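For reference, the structures are reproduced in the following blocks.
One chain, subunit A, appears in both complexes that follow, with subunit B as partner in the first and subunit C in the second.
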Partner chain A sequence: MSKKPPKGEYIETETGNKVSRRGQLVGTTNIILGGKSVIQAEVVIRGDLTREKQQGQGNQVAIAIGRYCIFSRACELRPPGKLYRGTFSHYPLKIADHVFVGPSSIIEAALIGNHVNIGANCVIGKFAIIKDYVRVLDGTVVPPNMVIPSFSIVAGRPAQVVGEIAEGEVDGFDLREAYRAVRN
Partner chain B sequence: MSSSKRASMMPAAPKPPTFLASTLIIADQASLTGTHLITLGSNTVVHPRTKLNSTYASITIGNNCILSERSMIGLQSEATGNENEGVLIENGVVVEVGATVEALSIGEGCLIEINARIGKGAVLGKLCLGMECAG
Partner chain C sequence: MASFAPYAYIQCPCTESNLPTRRLGSESPTDPLETEQEEPTFDPRAPRANYSLYPLEHLLYCEDCHQIRCPRCVIDELVACYCPNCLFEVPISTVKSEGNRCTRSCFQCPICIGPLSVSSIEAQRDGLGAEFAAYGGPYVLSCGFCNWSSDEIGIQLDKPNSIYNQLAKIRHGGKSLTNARERRKEREERSKLGYSPTIEEEGGSEDGQEKTDLNATEDFDAESQFGNLKAFYQAQLSESSPVSSLGLPGDYSYGSPGALSRIMGLYTGSSFADKKSRTKKGIMREARDAPEGLHIFSPSSDEEAVNRLRTEGWGNTVSTTQRKEQSEQNTHFLSDLRPIPYLLRTRRSKRCKTCRHILSKPESKVHSTRFRIRLVALNYIPSITIRPLQTSSSSLLRPMKPTQFLLTFKNPLFDSVKVNIATAAKTPGRFSSKVTVLCPQFEVGANTDAWEEALREGGNKGGEREKRRTKAEASEGQHQAEAGKVWERGRNWVSVVVEVIPASLRVQAPAFLKSEELQKDESPLREDEDVLEIPVFVRVEWEADPTHDDTGGLAAAGAKDKEVKEKRELAYWCVLGIGRIARD
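Let's turn to the complex of A and B:
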């Protein structure tokens, strides 16, 4: 990059989301941002991968994201898809509040709970369910359909629970400060 | 690139000769570059940010394939030996996010997993799983 972009890097929405101009959001009508989330550059969010069209259904949510979520550079959110009764369909990806996703991680989970910290270069397989207060260490590969219980630390390829989060450590998961630190 | 408003300093990459089937879905952010022939079969889906690079050898992709985001198809460096026959991906192959495929041929119905890398000259049979996640 030769020149500094004349405008700020982030666009701030009415609900306080900070979305990088270089983020790649596809199918934005199917993406719900709860507010005060940060989407950094080169993040790919695939809102266009929705459920197979069904009658009587209006707007379809592909990706629902809660408050104070931070998606680091070049990570990717993609709704999981599978073949069900002969038709291939994508299912919604739900992400709750205070979720941090490290750079270059690829998320195809079905559900990610509150206060989840996902490191760099992780792969979260299709239809994985991560409950609240989970720490996924760098480079972890969570296999498809895995369910990770609350307060666990996972690592490895494939992912295994390697530890627990003690009561006192819970404070470190609050992302409000990190949100405020992101400025143009 | 549709996302950036600023013009690139570099001249546009050469448009490769292509042979595209009519029932093919290519995202507008996918990139097809190079000088050799790129052939894409019918009912194949090319997701945004997929890079098909035919600078060093041709690319042939069969019917009903899925090429996901950020995957890179085609040789990434100079071909040696029989690699200049190009990259052949047969019917019904799924290439997941971020995978790199430089293989000589990928058999029917293979699944190349997330961030997998299939190196030069590799030959995969039918219904193979190409793993090597993350990294």
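Let's turn to the complex of A and C:
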């Protein structure tokens, strides 16, 4: 805290990503940011966990993130991994647009769709698939391999669909305003 | 408890309209008097209020009735059924025949309701994904959350796909199970062989028959038992219904001669229907063996359960929630549980209950998240946001200290809107706080141009607003909220100040400080009674362009010629949850 960088909290990239100086991005060559996303302090993104090297394919995408995503403080994104045909390998983690991840949540999903809101202290299990317009309430543990259909509200340990997103709530998932609100 | 997010809930007017719309003639003379009188202020704590308050996002708006529509005054219509796990659409005809569960390979863990995945036994310890199909060998269903596996109940599968069909044939411990349909077939064959279900024959054949049937009951699961029962009684009904009457269960159709004769009997007042029915009634009989769906309770099963409880202990019994998920009725032990096939989910369109117009209609494809029609109240009535005017250190409201709040009304319409807000001077309830709206009448500008907003947002507008706000906060002492004046105004939003004097939550207060209700009822503070909720009556008036309504080309064209603006008005109760009052 005492060595606060004079330039401000965030580094802004050409495509408008705001990446905190205190974020921990590992294996940055394997991370794709779609632009206008916010990565806050202490966020861990494990780009180094790529698929097992196959015949000289050098650069592989470990984590692909769309536009207008916000990753709150101390959340962690790691590609899911499993043993397949005798070898342990990680698989890419894809995150679409307008995805909000709350503080201290751990994401190991295979796919997160558009307009998804994940609360604080959640765990999204390995290879989970979250479709569009889903709200994951605080403290939810989504078990591995779970599929959450669109317009669901999910809570509990293990996660359970507890409600539906009403028609009017759909607009509330847009994160453009929230992105603009993030300033250095 | 610590954090309290202010909220604004809107009461759907449909709850008020249970006035004499359908009452025929019997209107009592006192009724109109009561309704004519001034409406009582809406009490957000009334037990009924809970059912009529919705956040703005949950409300729809009917363009034809010009009224708010809540989930209680819309009709849902099925658009599609789909499995929430494999996301495959299931045709409604299949749902009718096969039931409302996924019949592919989607199962939930009976212990923790997590999703089950198929894995080969050899690679069981990794247990992720269906890719283990390549391994071959017997498969099990395993849960990635609680590590339950179908091996525990002795179920192993030969194929990694179409598990529903495989499971239907396997009992616990791997024994095969004849399913309902095969049973029925068998039964039909038997009846063809000259077994006719009539009472006369019963006397002769009962003994030998019953023994074999008792054994047969063991094999039945709930589903096939129900199937058998249903088939049996339908057969019984079809045999006896042409002449019988008086509401045989399951036969309500007016087309049936029995019902018809009953109705005729009602109108003619004669008893010709009764006579007929009395003579023929004896033909219906009950199920009497297992293929007909009879399940005989054996006292030994109870003893068995007690013994199992002794040996296996309490820890191996099922919980109520686990039991509720099972389709089988008598599951008492964990080892009786079966994987739960996923319940299908629906996608629905919504219609207005009064005029039957569609309010929301999703696209028919399961994977699409777009709407063809979506008339949400958010686009028609002003949204209200609440914010404290002074930033105070504690999140609780100090009793007896005047606190000011900013209500911001944002207009979504393309016409400017006149807003009237009214509150009672005191909030209802035992602890009534004093409320004053400093500016109850104001006009909110039109939501004219999205471009304008974007330009302003990008440019200096945002900063300017920020500046203004900070200035106001800094000069709090001087910049007093004035009565009758709007606090702040934007293109399509207006902020007004509401002053609140929170009540003291002390039950043992001096008598002059107490409200009437509190004097009557001096019980200690109840749950959530410390939340300060203000009922506000909001009345919105605007002049709409009738051409916006697409009520048919001709009418619209005529209206355009006249250039008449239609006056619209909407009034509703709204409850503002402001904060919790501190206890002193």
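Throughout what follows, the second predicted complex is superposed on the first by the 178 of 184 C-alpha atoms of A that agree within 3 Å, B and C clash if a C-alpha of one lies under 4 Å from a C-alpha of the other, contacts with A are read in each partner's own complex, and residues count from 1 in each chain.
Convention: a residue touches a chain if its C-beta (ideal position, glycine included) is under 8 Å from a C-beta of that chain, and two chains touch if they have at least 3 such contacts.
Everything quoted here is computed from the prediction, not taken from an experiment.
Colleague: Let's test your reading of the overlay: on subunit A, do subunit B and subunit C clash or fit side by side?
Modeller: Aligned on subunit A, subunit C fits beside subunit B.
Colleague: For A:R180, using the defined touch cut-off, is the partner it touches subunit B, subunit C, both, or neither? Pick first, second, both or neither.
Modeller: After superposing on A, A:R180 lies in contact with subunit C but is clear of subunit B.
Colleague: Residues of subunit A touched by subunit B versus by subunit C: which partner has the larger set?
Modeller: In the superposed model, C touches more residues of subunit A.
Colleague: Contacts for A:C122 in the overlay, against subunit B (first) and subunit C (second): which applies, first, second, both or neither?
Modeller: Only subunit B is touched by A:C122; subunit C is not.
Colleague: Considering only C-alpha centres, what angle arises at subunit A between the directions to subunit B and subunit C, nearest 10 degrees?
Modeller: Spelled out: centre of subunit A as vertex, angle of 110 degrees.
Colleague: Given the touch rule stated above, what does A:L83 touch, subunit B (first), subunit C (second), both, or neither?
Modeller: The answer is second: A:L83 touches subunit C but not subunit B.
Colleague: Looking at A:I70, would you say it contacts subunit B, subunit C, both, or neither? Reply first, second, both or neither.
Modeller: neither
Colleague: Let me test your reading of the model: by the given contact rule, A:V147 touches which partner, first (subunit B), second (subunit C), both or neither?
Modeller: second
Colleague: Going by the contact rule set out at the top, does A:E167 touch subunit B (first), subunit C (second), both, or neither?
Modeller: In the superposition, A:E167 contacts subunit C only.
Colleague: Would you sort A:D132 into first (subunit B), second (subunit C), both or neither based on which partner it touches?
Modeller: Only subunit C; A:D132 stays clear of subunit B.
Colleague: Check the superposed model and tell me the shortest C-alpha distance between subunit B and subunit C, rounded to whole Å.
Modeller: Here the least C-alpha separation of subunit B and subunit C stands at 9 Å.
Colleague: Just which bits of subunit A does subunit B share with subunit C as contact spots?
Modeller: The overlap between the subunit B and subunit C interfaces on subunit A comprises residues 141.
Colleague: Which subunit B residues qualify as touching subunit A in the complex?
Modeller: So the residues of subunit B touching subunit A come out as 3-4, 9, 27, 29, 48-49, 69-70, 97-98, 114-115, 133-135.
Colleague: Per the contact definition, I'd like the list of subunit A residues that touch subunit B in the complex.
Modeller: 2, 22, 24, 26, 44, 46, 76, 78, 106, 121-123, 139-141, 157
Colleague: Please name which positions on subunit A make contact with subunit C in the complex.
Modeller: Those residues of subunit A that touch subunit C are 82-85, 114, 125-127, 131-133, 141, 143-152, 158, 160-161, 166-172, 180.
Colleague: Name, in rising order, each residue of subunit C that touches subunit A in their complex.
Modeller: 56-60, 71, 82, 84-87, 112-115, 117, 123, 126, 128-129, 131, 134, 143-146, 345, 350, 360, 369, 371, 374, 376-378, 457, 462
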